[in-house]
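Got some structures for you, see below.
Two complexes are shown next, each including subunit A; its partner changes from subunit B in the first to subunit C in the second.
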Partner chain A sequence: MFYRETGQFKTNYADDMAVFPILQDRIGIALILVLAFVVIPLAGSNFLLSSVMIPFLVFSLASIGLNILTGYTGLISLGTGAFMGVGAYACYKLTTLFPEVNIVVWIVASGFFSALVGVLFGLPSLRIKGFYLAVATLAAQFFLQWCFTRIPWLYNYNASGAIEVGQRTLFGINVTGAKASLEARYMVLLTIVTVLTWVASNIMHGRIGRSFMAVRDMDIAAELMGIDLLKTKLLAFAVSSFYAGVAGAAMMFLWYGGGEANDAFNINQSFLILFMVIIGGLGSMIGSFFGAAFISMLPTVLKFGLPALGIPLAGATAEHLTYILVGALIIFFLIVEPHGLARLWQIGKQKLRMWPFPY
Partner chain B sequence: MSKRLKVSGLAAGVLASSLMMAAPQAVAQESIYVPLFTYRTGPFAGSGIPIADGMHDYLQMLNERDGGIGGVKIAIDECETGYDTKKGLECYDAVKPKKPVMVNPWSTGISLSLIPKASVDKIPVLSMAYGLSASARGDVFPWVFNPPATYWDGLAMIIRYLGTESGGLDKLKGKKIGYIYFDGGFGKEPIPLFEQMAKDMGFELKLYPVPPGEMQNQSSQWLSVRRDRPDFMVMYGWGAMNPTAVKEAVKINYPMDKFVSIWWPGENDVNGTEGAKGFKMLNWHGIGTDYPALKDIQKLVVDKGLSKSPKEKVGELLYNRGVYNAILIAEGIAQAQKITGKKVVDGSDVRRGLENINLDEARFKAIGLPAFAGNLQLTCQDHNGHRAAFIQQWDGAKWVKITDFIQPMPEKVKPALDEAAKEYSEKNAGWPKRSEACDKS
Partner chain C sequence: MTVTHETIGKGEVLLAVDQVSLSFGGIKAITDVSFDIRKGEIRAIIGPNGAGKTSMLNVINGFYHPQQGKITFKGQTRSKMRPSVAASQGIARTFQNVALFKGMSTLDNIMSGRTLKMNSHFFWQCFRHGPAMAEEIRHREFVEDIIDFLEIQAIRKVPVGKLPYGLQKRVELGRALAMEPDLLLLDEPMAGMNLEEKEDMSRFIIDVNTQYGTTIALIEHDMGVVMDLSDRVVVLEYGRKLADGTPDEVKADQNVIDAYLGVAH
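Take a look at the complex of A and B:
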């Protein structure tokens, strides 16, 4: 009844190619942006910002990155955690070498270093596919993590091997370091995520995205159609690692605020992001957000939300219960809809179109 | 592809409302809120559980016996971190609105992330014998406390002990010392000092790092140990790393009495390993329940079913380590009450209280723990104390104290400490100068 495109005519090609062809979707997006940019920073508690929204945004960015590679191009990667790490360490080196340059510039620029490393480890993808490629990227994970621990230059010879995040400002407001307000960190991160999501969506809707999908669906056919496989696959690795790198830099600088970094980018992190992409929906932008929300928010909500609602759950019990519930939900969703939450969302929308008079 | 954010936004909205309701979930007015960051899950639970129980039970005992500290109940709140920095930060954000008087991160990784926040949020960080060694400098880190000794002091004591074992520190020349360590902030920190000592004293240092993910699989490290045949092995391990190292050492027939660890293994790590007899470690406090305060814990907390600890585990090494940590918490609060005259103290008061901790023999006796540990006095300059520790040895069934208190080497540790503190404040551009006044003690 409310969600119907009747009467919305497309009169030119631009309308036809719009990412959001339906008016209601555009209103929805606008509402979400208002909610994220205005309502949450003004009305949300500190805990909501720091432990729910910021992790969610960081993981969303990382999932978009992996989704570009795995979901859109069909190349499995188990090195996302390490590529995030490259971003974090690159950002740390850049900001200590050139402290006068704005930190936000470095957070985004560190993605390029990650992209470079991603391309390097993406080279085998031309020859090997599927599980074998997964193993090759696993090597990237181990090698890079080894570098993070064993090359002291990367962490400026700190005795603990920790990244130390100093004070950096943007327009005179602290955005990193202990003095930075949560709102400032959140707004910077949200802006980065919004802009990069918009960019990713446009890439995926354009020529490049289509060539990615062609490679995913059948690479020989794609090659016969004139798509350069090497270039396309490496580009997918580059774009994907870029997003992972920015996510890693944002994680260290806007979320953790420094600390032991190498362990934050371990293999578990890679798996976590792969789960986000699979549960959220392969080859779907919105799926990346769903997956990140599911995997990163749910444990926090269960751990702190249930006691807040008056269900007494203490320490370890909550932790065990979280594991059980999250695990059960993952299996549940994979059985109900193997194509992920994004597909569920699509089905829901389809139903909504006909509601209340399905035929 | 459309409405991509709607559901997540909605979820966030629902969450926001529930969390906003959660925030004022009041801790009763007349209580002192002490959150305990503990880990009863994950690969470090073996070490984490007895410590969590020890901390909790001592504070609970104070509540039961004395009605809290200075007549004010302690609101004890455990938050599970799983030794994971991410979850630790989450816990910190969750407890912050409840105005904690201090936090005990129980993880070097979490401590490192909390140190910059401490002065901004006015919540002292008590990282007992772990965390950043440089935070011993009270003038640079007014909000961070790491008594009674730093990891560097620990290393100095171990080296001094190895010296006496070989018949004098100068006899270490030409010896080979292996260092097997947890390859994170905690194990890495002593390396610069270790290397310096190797150069000064002329021994050869061999490094065997154990990555966090490989704690339960140390065969390659111990294979190298077997090849290198070091004269002594020094270990900085935690959680699942300790029992694995002991097992592997036994497996390669490494002489256990040449194997010395920092203060973190517990009974569980050696118990049940055939051949672990002879294993040595540093320690600074008593074991067992032969203290009035521990008897009170048994009577008022454990027997009443208020503890999660099994009865027979009360008084074990790491349990008593937790008790020691809780003593520091209680002393910090008690001192703060004494200085300010207030009953309900806040983080800033307790920071002053911690700076004025003075645990001498009489005080230990007064709190029901006579001769439990060496004296500890903190000042506004010295947040550590650099206290001596002793070596104890596993005799197959229990720990036996085999040395007197061994003094650390301030002449070696102090310069390294000052250097590290200076470097920290320089690298963290905008590190605040100490503005908190010192109390006259």
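Take a look at the complex of A and C:
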């Protein structure tokens, strides 16, 4: 009754091609942005920012990256963790070599290094697809992870072998390092994620997005229509790895505040992000957020939410129970809707448009 | 010398297939076939199952590379070319089994046919503003004309995977038309359709030919349709050319009658 496009007429193509053609959607997005940019930093607790929002945003960015490759272009990759690592190390090297350049610039720029590496490992995708490509990207995962530990130049010969995040400021405010406030880190991260999501959505709605999807749905037809398969696939790898790289840099500098690559950028991370994309919805921007929210927030919510509701949980029991619940919920959602949470969301919106009538 | 679109007059040879042979290992799909397609005509390729008709189309648009023979398109001779190059030279096609992009809407499918005509920079694509948006709107207008022409306004935003077969075929024709081809290859455009859908499709094919002036080469099994639509017919059997001429000539050809009806031994 309230969510309906009735009466909203489009009189030109630009309006009709808008990403959110329905007024209610635009209002919804505006509300979410206000909530994220104003309400949460002002009213949110430290716990909400550090354990819920920041991980969620980092994973959202990585999910968008993988979704561009797997969901939109149909190329499975198990190297996301490694591409994130490339971003993190590139950012670390850049900010130690050129400390005078703003860290936010380097976080975004490190994506380009990741994109370059992604293109390199994307080359086999012209010849192989499906599970075989997944195995080929696995090579990227192991090779890059080996580089992170075996090439001391990458971590500036630190005795710990880890990335050490220094103090960096933006407009005179500390945004990385020990003195940076959670709010500052959150705001920087949120801005990066918002802008990059907008850009990704723009790309996917235009010519390039259509060629990605054409390659995914029917590569032979795409080729006969003049879409160069190699270029398109490599571009998909580049864009995808760019997002993964920025996510990796943001993870190290705005969330972890330093750490060792083998913990943060291992194969588990790659799988985790692949699960986010599958559960959230392949080929859907909003699905990336749903998937990231589901997998990164759910354990936290269960761990701290259940005791708050009066269900006592402690220590090891809580941890195991969380695993069981998350696993069960993943299976449940995949049975209810194999196309992911994004499809559930779409069906819900469709139902809402018809409500109170069944069809 | 490159011969451009304009320098070829009506009725001149647009595409010439010269002694083409194609084999897969020991199997000869096409043996020494020559024929030509003239500008502005509807050319039918017919023949019994396995005669090499689809292989012939695949050779023409560069998907298969013939072992022998030459293909001359718009005055340029080549024996090997990549499909994307054929597309950029103005050859479009539809497929026997619908090869649409199933996850995309009708509109996006037809818009993707405009890919070659679009060239706004990646930078502007990122912001969907300025040149990128202007280009998108310009091509949307063109695509809307095709949607009008094919009478598929109502399914504009429906994912094509959900459409019935007859409409999918129509969308596929639309996608090929969006490329503004000089030569349109249709592989069994009416397979699996009922009479009404066939009549619609025939009307579209004739309209494309007369309104847009597109040269059409089509493969079809419905002889009534073939004889009514086409200006000239080439008949293949077992990869060899059996007959070539106007529908009436082909209909009267004893070899063709034998090939289709069988011969008493």
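Following the convention adopted for this analysis, the second predicted complex is superposed on the first by the 358 of 359 C-alpha atoms of A that agree within 3 Å, B and C clash if a C-alpha of one lies under 4 Å from a C-alpha of the other, contacts with A are read in each partner's own complex, and residues count from 1 in each chain.
In the analysis below, a residue touches a chain if its C-beta (ideal position, glycine included) is under 8 Å from a C-beta of that chain, and two chains touch if they have at least 3 such contacts.
Here the structure is a predicted model, which means the values were calculated and not measured.
Superposition model on subunit A: subunit B and subunit C are shown accommodated side by side without a clash. Residue contacts after overlaying the shared chain place A:191 against neither subunit B nor subunit C. Look at A:350: by the touch rule set out above, it reaches neither subunit B nor subunit C. By the touch criterion defined above, A:228 reaches subunit C but does not reach subunit B. When the two complexes are superposed, the chain touching more residues of subunit A, out of subunit B and subunit C, is B. In the superposition on chain A, A:14 makes contact with subunit C only, not with subunit B.
In the superposed pair of complexes, A:283 makes contact with subunit C only, with no contact to subunit B.
Taken over all C-alpha pairs, subunit B and subunit C come no nearer than 13 Å in the superposed arrangement.
Interface residues of subunit A facing subunit B in the complex, by the touch rule stated above, are 19-22, 24-25, 28-29, 31-33, 35-36, 39-40, 43-48, 50-53, 55-56, 96, 99, 145, 149, 156, 158-162, 164-167, 177-179, 197, 201, 255-260, 262-264, 266-267, 284-286, 289-290, 292-293, 297, 300-301, 303-305, 307-309, 314-316, 318-320, 345, 349. Per the touch definition, subunit C reaches subunit A in the complex via residues 61, 63, 82-84, 86-88, 92-93, 95, 99-104, 108, 111-116, 118, 120, 122, 125-128, 132-133, 135-137, 140-141, 144, 175, 179.
Residue ranges on subunit A touching subunit C, taken from their complex, read 12-14, 17, 199, 202-203, 205-208, 210-211, 213-214, 216-218, 220-229, 283. Within the complex formed with subunit A, the residues of subunit B that make contact are 1-9, 11-13, 15-16, 18-23, 25, 38, 40-41, 78-80, 82, 85-86, 89-90, 93-94, 96-97, 108-110, 112-113, 116-117, 119-120, 132-133, 183-186, 188-189, 191-192, 209, 211-213, 420, 424, 427-430.
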